[in-house]
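One structure is given below, encoded as C-alpha cells.
Chain nomenclature is as follows: A, B, C and D, assigned in order of appearance, with residue numbering initiated at 1 for each chain independently.
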Amino acid sequence: MRRIRESMSKGRLEAFSDGVLAIVITIMVLEMKAPHQAAELADLRPVAPLFLSYLLSFVYVGIYWNNHHHMFQVVDRISGGILWANLHLLFWLSLIPFVTAWLGQNRFAPTPVALYGAVLLMAAVAYYALERTILRAPGGNPVLASAIGRDLKGKLSLVCYAAAIGLSFVNRWIACAIYVLVALVWLVPDRRIERAMAGREKGG
Amino acid sequence: MRRIRESMSKGRLEAFSDGVLAIVITIMVLEMKAPHQAAELADLRPVAPLFLSYLLSFVYVGIYWNNHHHMFQVVDRISGGILWANLHLLFWLSLIPFVTAWLGQNRFAPTPVALYGAVLLMAAVAYYALERTILRAPGGNPVLASAIGRDLKGKLSLVCYAAAIGLSFVNRWIACAIYVLVALVWLVPDRRIERAMAGREKGG
Amino acid sequence: MRRIRESMSKGRLEAFSDGVLAIVITIMVLEMKAPHQAAELADLRPVAPLFLSYLLSFVYVGIYWNNHHHMFQVVDRISGGILWANLHLLFWLSLIPFVTAWLGQNRFAPTPVALYGAVLLMAAVAYYALERTILRAPGGNPVLASAIGRDLKGKLSLVCYAAAIGLSFVNRWIACAIYVLVALVWLVPDRRIERAMAGREKGG
Amino acid sequence: MRRIRESMSKGRLEAFSDGVLAIVITIMVLEMKAPHQAAELADLRPVAPLFLSYLLSFVYVGIYWNNHHHMFQVVDRISGGILWANLHLLFWLSLIPFVTAWLGQNRFAPTPVALYGAVLLMAAVAYYALERTILRAPGGNPVLASAIGRDLKGKLSLVCYAAAIGLSFVNRWIACAIYVLVALVWLVPDRRIERAMAGREKGG
C-alpha cells in the first residue's frame, strides 16, 4: 500500500512536469509568426533568428526533460520539499519561451543574449537545488548520490553560463557559442545513472 | 477488478486536472510579450509588473496543484459529483491567466487587484466545495476528515481574500500584501494529510 | 500479457484525449483579451459576451470529457477503427475554441450562433459514431450496449442542435436557450453506465 | 523490478510525446482567427484556406500519433538514443503549426506548399531514424522488424514528399494532391504490427 501510494505520487509529479515541459517546448513555436501575404522564401528571412533561438531552446528543454526523467527513475519517495523544488525548476524553465522570443526578435543582441544565459543559469541552479533536496531526504538516495558523484558536468555548466553572461557584452557570439557547446556536452546521454542502476541490480 | 477500475478513474481525473493546471501555469507566460526592436534592459521595464503578477499566480497555481495532489492521494472512489466539483474548481483556476494579465497590464490598479482577489476567492470556495463533496461521498473519507480537521487555514484564506477585495479600493498595496501573505502561508507544505496517512498506516 | 498491452493502449488513447481536451478547454480563455490601459470594471463590458460563450463551451467540453471518461471505462480493446473514430471526435471538439471566439466577439449574432450549433451537432454525430464503432468491435460490448440502451438522450440532443441551427435565424436567443438546456440535461451525471457496471459486478 | 522501471520509462516517453502531439494538434486552431465585427458566413471566406490546411495537418499529426502509438507498443527498452531520436521527431512535428499557418495564410502559394512538404519529409526521415534506432538497440526487436518488413509504405512516402516539393513550383495543386493521397494511404490503419503481435502471442 505504502509503495503504491508513493509511486502514484511520483507519477503525478512526473505527469505534471511532463505537461509543463511539453507546453514550454511547443508554445515557443508560436513566436515564429508565419508572414501574411508574403509567400516567398525571402519573406522567411526575419523568422530565421527566431528559428535558431527556437532550435537552441528546444534542445535545452529536451535536455532538461531527459535529465529530469533519468533522475526521477531512482527517486522512490516524494516529499513536500521535492514538490516545491520541482516547481521552482519549472518556473525558470517556463521563462525560456520569453527569453527565446526576446533573443530571436532582437537578432541575438547583447542584453537578450545575457538574459537568456541568466535564465539558463537560474534553471541550472534550480536543478542543482532539486538534486540536493532529493539527496537530503530521509534515508538519502545512495544510487543517485553515486551516479552524480562530484557532478563536475553540472558545476562546469554553472560556470559556463555565468561566464557567457559576462561575455555577452564583450562579444555576443562567444556567449552564444558557449550555450551551444554546453548543450552539445549534455546531448551526450548521461550514462552515469544508467550505470549506477545497473550496479544496484547486480549488487542487490 | 473494482479496485482497478476505480483507481483508473481517479487516474484520469488527476491526469486531466494536471493537464489543465500545467496549461494554466504555462500560458500565463504568453502574456509577457517580448518587446520587438528593443534590446536594452530598460525595454523590459513595462514587462516588470507582468512578471510580478506571473510570479504570484505561478505560486498560487502551484499551491493548488500541490493541495489537489495531496487531497486525491487519500481519495479512493470518484463519483459523478466529484468529477463536476473538480471541473468547477478548474473553471475558476482557468480564469487566473485572464486576471493575471489584467493585473499586470494595468500595473496593479485597484479594480484589477479586487477582481484578482475575487477569482482567488471563488477558486477557494470551489476547492472547499470539492473537499465537502469528497467527505460527503458514501462511506465518507475519515483520513481526509481527520487530516483537514476544522480547516482553519482554508477558512482564514476565504476571509483574507474577501477582506483584500474590499481593501483594494482603500489601499491596493495592502490587498496585494494579503495575497502574498496567504500564498506564503500555503507554501509551507501541508503536513496534515501526510501525518494522517502515516497514522492510518501505523493503526492499520 | 495481452491484457496489460491492451490496457496500456487504452491508457494512451485516454491520455492523448485528455491532453487535447485539457488544451481545448484552456486555450479558449486566451480569446478573452485583458484590456490594456483600462482598469475600470466598465472596461470589462466588451469581454462579457466572450466570458459567457467561454462558460458555455467550458461546460460542453467538460460534458464530453465526462462522457468520454465513462464510456472508455467499459472499453477493453482498442482497434484502429476506434482510434480514428476518437480522433474524428477530437477534431470537431478542437473547433470549439474558434466558434466560441466568433460567437463572443460578435455578441451572439445569428450566423455565429448557427455555426456554434453546427459544430456541436458534428461533435455529437462524431460521438455517436465512436459509440457505434466500439459496439461493432469483435466481441461487442454488452455492458456499454445495455448502459446506452436506445440512447434517447443522445438522439434528442442531435435533434435539438439541428433545430437550434434553423432557429438561430428566427430568434437567436431561442437557439442559445436550447444550447443551455441541452448542457443542463447532460450536466446531470449519466448513471446508466455506473449502474450497468454495478450490475456486471454483481452478476459476475 | 527491472521490468517495472523499464515500462515506467517508456510510459514517460509516451506521456511526453502525447503531450507535445496534443499541443501541436490543438494550437494550430489558434491560427484560425475568428473575424471581429464580422458575423456573416461570407466573413469566414478568408478563414477557409486556413481551415483546409488545418484539416490536412490534423490528419497528419493524427497519423503520426497513431503510428507512434503502434510502434511503441512493441518496444520494451528505452535507451538514451531512443529518447533523442524521439525528440528529433517531435522537433519536426512541432514545426507543422508554423508551416500550416504559412500555407493557409498565403492560400497555398508554391513556396509555402514546398516548405510544407519539406517539413513532412523531415518528419518522415526522423520517424524512419527512430525506427532504425529501436531496431538497432541491443537485443533488437524482432516483432517490430517483422511488422515493418521492407517498409515499402514508409519509403514510398519519402519519395512522394520529395516529388511534391519539386512539383510545387510546376503545379502546386499536384503537390497538394500528393499530400492528400499520402495521408489517405496512411489513414488506413496499419495492421502489420497488430498482425505481428497476434503472431507472437500464438507462437509464444
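For the reader, a short list of remarks on this structure follows.
Just so it is clear, a residue touches a chain if its C-beta (ideal position, glycine included) is under 8 Å from a C-beta of that chain, and two chains touch if they have at least 3 such contacts.
What you see is a predicted model; the values in this text were computed from it and never measured.
Matching CA atoms, the turn from chain C to chain D amounts to 90°, rounded to the nearest 5.
Comparing the CA-atom centres of all chains against that of chain B, the greatest distance is found for D.
For the touching copies chain A and chain D, the fraction of interface residue numbers used by both falls below half; the interface is of the different-residue type.
Centre-to-centre separation of chain A and chain B, using mean CA positions: 26 Å. Centre-to-centre separation between chain A and chain C, using Cα means, comes to 36 Å. In chain C, the residues that reach two or more other chains under the touch definition are 15, 19, 22-23, 27, 30. The touching residues of chain A, when paired with chain B in their complex, are 1-2, 5, 8-9, 12-13, 15-16, 19-20, 22-24, 27, 30-31, 79-81, 83-84, 87, 90-91, 94-95, 97-99, 101-102, 105-106, 109-112, 115. On chain B, the positions that touch chain A within their shared complex are 14-15, 18-19, 21-23, 25-27, 29-30, 32, 34-41, 44, 55, 58, 62, 65-66, 69, 73, 187, 189-191, 194, 197, 201, 204.
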